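In the two complexes below, chain A is the common chain; its partner is chain B in one and chain C in the other.
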Partner chain A sequence: MRIVVCIKQIFDPETIKISRSQQAIDERGARKIMNPPDRWALDAALRFKEADPSIEVIALSLGEPEVEDVLREALALGCDRAILLSDAAIVKARTAGLAQIIAAAIKRLRNVQLVMTGHMALDTGSGTLGPRLAIELGDWPVLLSVDQLRLEHGHVTGLQYADEKYYDSSYPLPAVATVLQTPEHPRYPHGAEIINAYRVRNVEIWSSLALGVDPTALPAPTTGRQLRLPPARQMGFIVEGSPQEAAQTLVAMLRARRVI
Partner chain B sequence: MDLSFLEQLLGASAEEEEGYRNIWVVAIAWEPHLRPCDLQVIGKARNLADSLGAYVNVLLVGDNASEDLARELIAYGADAAFWGAGYPTGRSLRDFFEKHKPEILLFADAAGGRKMAPRLAQRLKCALVTHAADLSINAEERSLVVAAPIYHGAAYRVVECKANPQIATIQAGIFPTPEYDSWRSGDVEEVELVWKPQPPLTPVEPPEYYIPLQKADIIIAGGRGLRGSGWQLIEELAAALARRLPHKAIALAGSRGAYDEGWIGPQQMVDLTGHTVAPALYVAVGIRGTFQHFGATEKARCIVAINHNPDAPIFKHADYGIVGEVEEVIPALIEVLDS
Partner chain C sequence: MFDFITDEHRMIQDAAREFAQKEIAPIAAHFDETGDFPLDTVRKMGALGFMGIEVPEIYGGAGLDTLAYVLALEEICKVDASHGVIMSVNNSLFAHGLVKYGTEAQKQRYLKPVASGQKIGAYSLTEPMSGSDAGNMRTRATLSADGSHYLLNGRKSWVTSAPYADTIVVFMMTAPEKKHKGVTAFIVEADQPGFARGKKEPKLGIRASATSEIMFEDYRCPVENRLGEEGEGFKIAMTVLDAGRIGIASQALGIAEACLAASISYARERVAFGQPIGQFQMIQQKLADMACRVEASRLLIYQAALTKMAAAQTGQRYTLEASMAKLFASDTANYCATEAVQIHGGMGYSQELPLERYFRDAKITQIYEGTNEIQRMVIARNLTGL
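So, the complex of A and B:
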């Protein structure tokens, strides 16, 4: 059986700069990384592979050729194959079209029982890829935003948090699962494996033409207007003095504001 | 003579000729009562509909959907309520909306809508704006203008929908819950959709120490700055506050850093990748402050920061700050609270 993990390359949210004067996000000099929730998804998939070596894990990404870097990282982590969907049409595609082309690639792979991805991309993500893919794959069930993912008896099960309650949610395969970040640290690749991933391993590049899908056929349904920045908060009041004095002043002030 | 302005007054626009009209909201009744997040969406839909000259129709589904709950939806601002007890299949939901042709279709960004909205959008091959934090109408185009967070709330991207139906999911807690007006009247109708068996959900015990952060009046949050005995200190601080204010719900939480250290679970993480909170008082201890953290605490009424580093960004975000070692400041605070 095959598991496909969809990975996005994003700007590291911690390295982008926000320019208040220009009301814009400055991405120059920002680092590009594997979207962290996708890393957790990949990690969970590789755990399944460790438990059952007959499972083949395939990393899949989409976009400009430079996205290859995250796929090489996925190879270094232990994926069997890495596929990049890349051509001029794919780069221009929007969400509904993206789901179509990714689904076409997954269908071509055959025997894919589980598609995993992060619960959302931390840059401009909407968290809708999983459910959209499920429709394009032929109405597969979706486990949305789960952790503690398990594969047993042809079912995929995960812990789901919904409306302030926890549920164990389970669906028969084939299915789509979007994964939350959990406290367990995901693994990072060994240096030698990274070198290997660039020297020996191969990232397959597929085009939309080869898949027989035109991802730009669907019209762009929204237009971007502008960026809006949240208002800057007023600088706070620093309570001075020794710890005892500061504590007394603070409690008095909080009481005056009726918050305690 | 150009009479287009008159036509506009009469509400005859291109979209209406195609048959797309009215604002629809999908509400879900898992429990035998309505969810506040759905009511907030209905309240906002009411505003938008009034500026468009459209009706607000609500489709109520879920195990506990009933005629009584549908009548309540009218009292909260809907013009017509359609209900059916069960979970509709994706196909029947698509057929329902292809028949009714909503101009705008809104969901709460909560369980149910999060999965239903993108699946429906893909079936209809149309756009979807998720996590909307602000909505307005461009009256000339009759289009929905939505602000949605990017980079976890560091900024908001404003997009305008171009094709009907215009679908969005709306964040909970952004818009007020509308007033209940028992004098409002409207049509209530039971609908026949194709129902599917209930999703296989088994409730499990929530992890220990769990108070839903969204319900807490006071949140004490710790960050990486709490080394060694620091975590125990903030637990004691929470206990001291609980002794002083027995009627308040006090919750312990942490930053992304505390979560990475394994001190808290995901349900306690205050961060835009975790939970967004709006307590009356938020005490950040040993949290340096990232914009993901600020985004998640923006709605707190009062923020107190305690950190040893006077240059920590959190002080720019807090209402009150104390610069000092956690091991000294917290015991002093506990002493004052207990006296």
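So, the complex of A and C:
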């Protein structure tokens, strides 16, 4: 059985600077990293592989050639294969088109039973890749924002997080799962595996031609109209008086604002 | 800019940075305060190959090069210099000596478990009466009449990691009349009779790295555990220290960078007299000088690491480059720690921030693995040939 983990390369949020005056993100000198939620997804996939060595874990990413770095990292962490979908047409794809390209690659791989990815990309914060992939793959079931994933009896099971609650969910394979970041930190690569990832292992590059995708027929990408920072936060205030008085004042204020 | 730093190097640096921030940063203050040895995180570092970065994979290491080592060590030391020195001793002082001078059997038996972090290695040259003056050591090793073993006797001091070390490279006199040419190196197992550890030294800084005396009383060291030839000890000790000094330089750079980063962020945020203190010229001067010295240290360390890598092919020594890097980076660490505490004012002096820990940790880098006075002597002798 094959598990595909979709990985995105993003700017490390700790290394970008935000300019309030320019209303823009300054990415000069910023470091690029594996989207952290994807790293948790990869870790979960590698745990499945540890429990059942017949499972093959394939890391998949899309974009410019430099994206190869996160795939090498995935190899160093223990993936069996790494595939980069990259050509001039592919790198322009966004959202819906992107899901179509990745789905084509997954179909080409055959015998993929589970597709995993982070619950969202920290740069866009959208988290739509999982559901879009599920549709493109032929309405596969999808577990959204899931923790404690298990594979049992041909099903994928886990705790789905939604509306501040966890729901115990189980779906038959093949399926898509988007994985939550949990406090337990995912594995780090071993130094020797880092060398192997660069000197021995290989990142496969697939083009749209190889995938049989017609780049001109892809849905138009979503475009951003304007990028702006959220408005500066207003100062809070302290409700004075004895605890009882303060509570009464507070309740009255909340009622007046129709909060309660 | 530095095209000798490859993607491999960056990945190990990223892994070390992330490990340090996630696993070490939350516990560093606690272990500094208690002086306990952070065995858990050290073992985890071993599992990632950090305890034997330059050791070939077949001997349990990561098989990376000196640049990878200094980049990783710097990241660990940005967060905690104690973890850094434990890593440095294991890598440069213990493992490097065994890789270079050990027999195949010694590598299999003693290098593998230490390079993979399952066991802790140490290096013991200093004695109560001799530090930099290694030719004057009082410990004695005598070959048995049948030539099967040496009897080791005497007392060694300031042995980093000794309270937890399983295997120690020890230098002793086999021929005292020959002075430093009568020194021989031995691999000592800490669980054998005749070996004892003294009490842990209470220290100013790097408090989580345990340091103690070790004592030998008729310790039987089999001849096959001699490292190198008889009388080769001083040469081995000095060669290994060349590598060690690059490690200490990286440790010092890590401390200096932590001080600089904290100071920059404080200078931007702390407001006095109605403006961020970073707008005052006296603070700006400190920040600019700190940054220049940090970058200069980095370049000296890269130079030393690259010279060491080239030396692996040519067999040449890199004493001068290692000494320069160690001298300059350790002075920089102390300069930056002093100025960082000053920029932070009262907060710098408080244990609520790690600045006072950086300040205490920085000092040792000017002392161990050759005091800075010795480094200056080494450098000047290299320059003059006198």
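By our rule, the second predicted complex is superposed on the first by the 222 of 260 C-alpha atoms of A that agree within 3 Å, B and C clash if a C-alpha of one lies under 4 Å from a C-alpha of the other, contacts with A are read in each partner's own complex, and residues count from 1 in each chain.
Here, a residue touches a chain if its C-beta (ideal position, glycine included) is under 8 Å from a C-beta of that chain, and two chains touch if they have at least 3 such contacts.
In this text the structure is predicted, and so the values were computed from the model without any measurement.
Applying the stated contact rule after C-alpha superposition, one finds that A:R72 touches chain C and leaves chain B untouched.
Residue contacts after overlaying the shared chain place A:Q113 against neither chain B nor chain C.
Residue contacts after overlaying the shared chain place A:I33 against chain C, while chain B stays out of touching range. Residue contacts after overlaying the shared chain place A:M253 against chain B, while chain C stays out of touching range. By the document's definition of touching, of the two partners only chain C reaches A:H190; chain B does not. Looking at the superposed arrangement, the partner reaching more residues of chain A, out of chain B and chain C, is B.
Contacts of A:Y198 after superposition on the shared chain: chain C is touched, whereas chain B is not.
The contact surfaces that chain B and chain C form on chain A in the two complexes overlap at residues 185. Residues 30, 35, 90-91, 110-112, 114-115, 117-119, 121-123, 125-131, 145, 147-148, 150-163, 199-207, 212, 214-215, 218, 241, 244-245, 259-260, 262, 265-267, 273, 280-281, 290-292, 294-295, 298, 301-305, 310, 315-325, 328-329, 331-333, 335-337 of chain B are the ones touching chain A in the complex.
Against chain A, in their complex, chain C makes its touches with residues 6-8, 10-12, 14-15, 18-19, 22-23, 47-50, 53, 57, 61-64, 68, 72. Every residue of chain A that touches chain C in the complex is listed here, in rising order: 31, 33, 69, 72-73, 76, 185, 188-192, 194-195, 197-199. Within the complex formed with chain B, the residues of chain A that make contact are 13-14, 16, 18, 25, 36, 94-96, 99, 122-124, 126-128, 130-132, 134-136, 139, 142, 144-145, 147, 159-171, 180-183, 185, 218-230, 233, 235-239, 243-244, 246-248, 250-251, 253-254, 257, 259-260.
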